[in-house]
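The structures come next, written out as structure tokens.
Here chain A shows up in two complexes: once beside chain B, once beside chain C.
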Partner chain A sequence: SEFVMAVAVALIGRDNSRLYTRVTEREKDDYEVQMFIHCTLDIVEDKLSKATELYLGLLTSNHKYKSFGFVANTGVKLILVLSLANTTLKDTDMRAHFKRFHLLYTNCLSNPFYELGKPLKSRALDDASADLFRSTPAE
Partner chain B sequence: MTAAGTSLPFELLHAEMVMYAEEKGKQREEDRKKLLESGLEDEKLVTRAFAHHNSITYLEGVGWRVGYVMGEKVSREVPRLATELEVMKFVCKELWNNCFGKQVDNLRTNHQGVYVMHDNHFITVAPFAGDSGYLDKSSSFLAFPCGLVRGALAALSINAIVTTTVETLPQVKFHIQIQGKTSK
Partner chain C sequence: PSFMFSSYYYLFKSQIFIQMAKPGKVLSDGKKMSGELFSLTYGALVADMIKDFDDINQVNTQLDKMGFNMGTRLADDFLSKRTNVSRCTDCKQMADTLAKEVIPMYLGVSASISNWSSGDKEFSLILDNNPLMELVEVPQSMSSLNYSQLLAGAIRGGLEAVHIKVFSSVNENPSNTEIRIRFDCILKDALPAGDED
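On to the complex of A and B.
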């Protein structure tokens, strides 16, 4: 059986506007994941006030998913949703993924044609998401 | 924008930007005069239509966008900036280094939302600082940097007014007046 690495990635602006969301094609019901991301955002606000670093770690989980968060100094939020069963992705992996997505976000900002606050359109982001969602066969 | 020594490309580009902005400003002024003289449009309307932009606001606006991106980029490299003072120190050190080739030489604050940053050798005015008589030109060369600082602060959720005062070039004082945090 296949082993799913990640379920969704979301980039959210400081004002909570959805800048970029990608859900793996494997998730037949996209709605559940979207609601889960929404719930996660509430937890982010809470954790942020006590946070000492940019990486927030595990935020919340339900019967299907768990989410991890990262908030940049500028307030832009990154959320990664994994399936609950996932055990291979460690904290160090999560940090690396967040760093990568944050870099891609700043690259989008550097595009002079990008309007601040608008949804992000980036092939690099799409490739990174596809990379993240790619399943690896169980060993 | 790199450390001093390889700052020439930025200095040259910035000087051209200022010249370009001033040319644009002159052209707009000519257009405004022509429109008024033609008598085709009501004077008040013309004044209002042309009131919005001049070379200074244009350069400041360009600086803002650049500063916003630099704020995002450079703040990646540092740990969480938890307080306003930490943000200001970040601006004085990491941001200034990345954008203006060196750190701010002196930071003062009244701890009530006013900060003054002294730069003894500011990059955009350094090229003509040696010769006297260019003091009045310096404001055009400080518009983009003011915008940059304001944009970077905006990226870091700080709404501020940034102005400069100059007594002897190339020393420049940046005055930052906090207006309260931007929406989160």
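On to the complex of A and C.
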């Protein structure tokens, strides 16, 4: 199947606390990506008021990246950052990826050792992120 | 903690008809409970105990005691429902009954037997789909925690109620839960197994 080759994935709490952020190793400029995620969050606030469904679609883009968003009913936001050159992904694919991450997030909540509001630590999330960043078949 | 155990015992007993959030058979009694509720309840119990006790080993001991107290009661429950189970004459029979009858009845999953040692007096019960460990990730800082020790204690308690003394402990492996059981002796004085405090 297609490789997403995403640049970054982020889960942000209702209060805008960073619950989980992963940036691909291919991206040398971590700072730029983080700033982009920051800008994206501003756009999310905007889009939320007009949103009719949980999937928010394309949020914003600059000369290097574009971002997509998803908001859960509890206010938790999922952001996916892709390279601007990435044109193979369809809307249905994006929805599927967000659904998967949403499920992984709720699985994390079910871990009795997870404290709500704290940063998420999950092997399943790490594996799924690695999956999204991959550009070659897994070893 | 004693009130905790008794309320948990009744929760555990109702798991006889555990349904793991999958569509499936309705058992004759019709009683069901969500498998997730069961896992989450146990998880909350363990997390709470960790907060109460300073030492992880104390948590392991406490879980074992709770399991033991539950197990002594579950023995009668099990035997009333499985009247065709005959008295075990050796460890292999005991292991078989545990793996093929007891674990499926109370946890809704199957178990396998392996790693016999000490002259066929010690073995492992392997649970590939331990419902207690569903979605649980024990942090590295608590690696000495035997998360499912309640199960080991319950098996020890249940066997003691039928006058078989064993030692039991749990190993959480990445892909399964292993309950290690070692036969000690037959308890000759037929005093009923009492509660461990």
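In this section, the second predicted complex is superposed on the first by the 131 of 139 C-alpha atoms of A that agree within 3 Å, B and C clash if a C-alpha of one lies under 4 Å from a C-alpha of the other, contacts with A are read in each partner's own complex, and residues count from 1 in each chain.
Everything that follows uses one rule, which is that a residue touches a chain if its C-beta (ideal position, glycine included) is under 8 Å from a C-beta of that chain, and two chains touch if they have at least 3 such contacts.
Everything numeric here is computed off the predicted structure, so don't read it as measured data.
Within the superposed three-chain model, A:Lys121 lies in touch with chain C and out of touch with chain B [touch as defined at top]. In the superposition on chain A, contact of A:Thr52 is made with chain B only, not with chain C. Applying the stated contact rule after C-alpha superposition, one finds that A:Ser110 touches each of chain B and chain C.
With both structures placed on the common chain, the touch criterion links A:Arg14 to chain B but leaves chain C unconnected. By the document's definition of touching, of the two partners only chain B reaches A:Thr74; chain C does not. Comparing the two complexes, residues 110, 112 of chain A contact chain B in one case and chain C in the other. For chain C in complex with chain A, the residues that touch the partner chain are 36, 39-40, 42-44, 46-47, 134-139, 142. Residues 107, 110-113, 121-123 of chain A touch chain C in their complex.
Only residues 14-15, 51-54, 72-76, 102-103, 105-106, 109-110, 112, 116 of chain A touch chain B when the two sit together in their complex. By the touch criterion stated above, chain B contacts chain A in their complex at residues 65, 68-69, 71-73, 75-76, 78-82, 155-157, 183-184.
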